[in-house]
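Each of the next two complexes has subunit A plus one more chain, namely subunit B in the first and subunit C in the second.
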Partner chain A sequence: MTMQVIQHIELGSAQSSITFSNIPQTYTDLLLVTSIRDTSGGFQLLLLDINGSSSNRKWRSLFGNGVGGVGSQTETSGNPANTIALVNGAVGGPISVVAYTSAQLYFPNYSGSSFKSFSADSVTENNSTENYNFIEAGLWEQNSAITSLTVKTTNTVAAGSSATLYGILKGSSGGVTVS
Partner chain B sequence: MSEVITKLVIDCETGIQSVVPLTPEELEERALMAAQAELDRQAREAEEAARLAAKASAEAKLSALGLTKSEIAALLK
Partner chain C sequence: MSYIALANITLSSAASSVTFSNIPTSVNGVALRDLVLVIDGTASVGINVSIFFNNDNTTSNYPYVRMIGNGSTTSSDTANPTVIGDLQTTRGMIKLSVMDYSATDKHKTLLSRFDNPSSVLGAIALRWANTNAITSLRVRDTANAATFSIGTTFALYAIAG
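After this line comes the complex of A and B, so read on.
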């Protein structure tokens, strides 16, 4: 297996979203790793558009918040259809420190001609007991290949947030090479 | 002068990064989503605060009945 950096971006100033466009179709899977924060106070939403669209999505997430709150949500729970997780916002509400949420999203067989499944896991950072760990299993109900991925938050993605898109190639020898 | 809200687009083939102003439609969608998300956030925080308050009240009542801290913890686990 080979894992290669396709593109990496770190925001020097706040932006409404980060889009990786014109994704090469030469890999087997995609991995998107983010360190991300919203500019508004409290925990905010991390959202994902695929090929510019937030539609045609099914998902189920499981979460725990470190103070006994656990639960599950789906695309019918009231959140936007393109919800991935909760992320750190600015200091306010239950958030007592400026920190970034770590989230990674995996897209197997992203260039295939059937519906695309994906998985996501994330954890917020906080200097108090309330924190969120999310895992999500999702399905993009389109047969098109994935050519762009957009990550955004409820309000604005804060400066210092970063995102790295990796392409993963299946191997033949059973060895693992990271470059 | 009002702030121009932009998005960052990076072309994976060329590596060229573009900072693009949002369209009026994108701005409207963003405003609606932000307003709803703020209501959802307030509701979520209020629900969590109420749950924690109820939990603290329950623990206090159990303690008043004579349960030890470890017994209460085991019961609520």
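After this line comes the complex of A and C, so read on.
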């Protein structure tokens, strides 16, 4: 099977992070799909550690907020090196307003022996006029295989947040040729 | 099985282009709906990457719109038809989806994300102005001068539907 669920984690209570450990090295690419909220109010940061580290990272982002704000940043712009996106925090309104940031990260060739690229797409939602569509180009400047991924937020990851890790395996079928 | 690996290549030498041919509309009786192409690696110099379907090299048949950021400024343009993203001399990636590639009653639309952490990133929406089913795709440097580097990978998948 080309695409398989490796693990799904959903938080019954607030936690410091969501971690996928001992990632099998039998796939080609990884896809991480998250639904995340921070326990504090306002917009917070969505962060990602690779193999337990927030270091050795380069990234470049592009974002818009729906109220005229648009920008592009890098890992030298003042945010932590392991920044992936913005995430909405807790809101004080009715329970129906509670929403989670959706983020999707793709890691090609995660088990290879070169630096690791990744691509991140995310969108916040809090039923107001200001929300963020945030995309990021990431690079983990290590030759090691990726064996763990840890998702966290600026403060604490709220209950109800979830993450699913998929493995994708390249292959051949249907008689397609490549040259 | 809804996500199907069709073909892949890891370059053992630099290549000016990569072509996927004989793309079917079904596999083992399962109809295929969309294509996904993942490119991960580098180029000999910083390049725009172009895509051509079914040997159609008429660039005006590939209108596009792009949004792009370089870490400090942002822009948007429609100036470079056929382009699906950038590759640089430092590691980056392009991931694109072609919707309804096997349909014969519509133009084909493509959404691409390109990511170069040391240079530029962005998103592209492109249309191939042709109603034929896609049976081949070729990617190369837009200027047709540079090469994809050794170790760069290209993987093609299909989504059933």
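Going forward, the second predicted complex is superposed on the first by the 167 of 179 C-alpha atoms of A that agree within 3 Å, B and C clash if a C-alpha of one lies under 4 Å from a C-alpha of the other, contacts with A are read in each partner's own complex, and residues count from 1 in each chain.
Note that in this section a contact is a pair of C-beta atoms (placed from the backbone, for glycine too) under 8 Å apart; a residue touches a chain by one contact, two chains touch by 3 or more.
This is a predicted model, so every value here is computed, not measured.
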Taking subunit A as the common reference for superposition, should the pair subunit B and subunit C be classed as clashing or as fitting? fit
Just subunit B (first), just subunit C (second), both, or neither: which does A:Asn65 touch? first
Go through the superposed model and pick first if A:Leu139 touches only subunit B, second if only subunit C, both, or neither. second
Contact-wise, after the overlay, does A:Asp29 reach subunit B, subunit C, both or neither (first, second, both, neither)? second
Please indicate which partner A:Ser21 is in contact with in the superposed arrangement: first for subunit B, second for subunit C, both, or neither. first
Could you tell me how near the closest CA atoms of subunit B and subunit C get once both structures are overlaid on the shared chain, in Å? 13
Considering only the contact definition stated at the top, list the common interface residues of subunit A for subunit B and subunit C. none
In their shared complex, at which residues does subunit A touch subunit B? 6-7, 9, 11, 15-24, 40, 42-45, 65, 67-69, 78-80, 93-94, 130, 152, 154-156, 165
Please output the residues of subunit B touching subunit A within their complex, sorted ascending. 5-15, 17, 19, 22, 26, 30, 33-34, 37-38, 40-41, 44-45, 48, 51-52, 55, 76
Residues on subunit C engaged by subunit A in the complex (per definition of touch): 1-9, 18-24, 26-28, 32, 38, 40, 67-74, 90-93, 95, 113-123, 151, 153-158
Applying the document's contact rule, which stretches of subunit A touch subunit C when the two form their complex? 1-3, 28-29, 58-62, 70-74, 77, 106, 108-109, 114-115, 117-119, 121, 135-139, 168-179
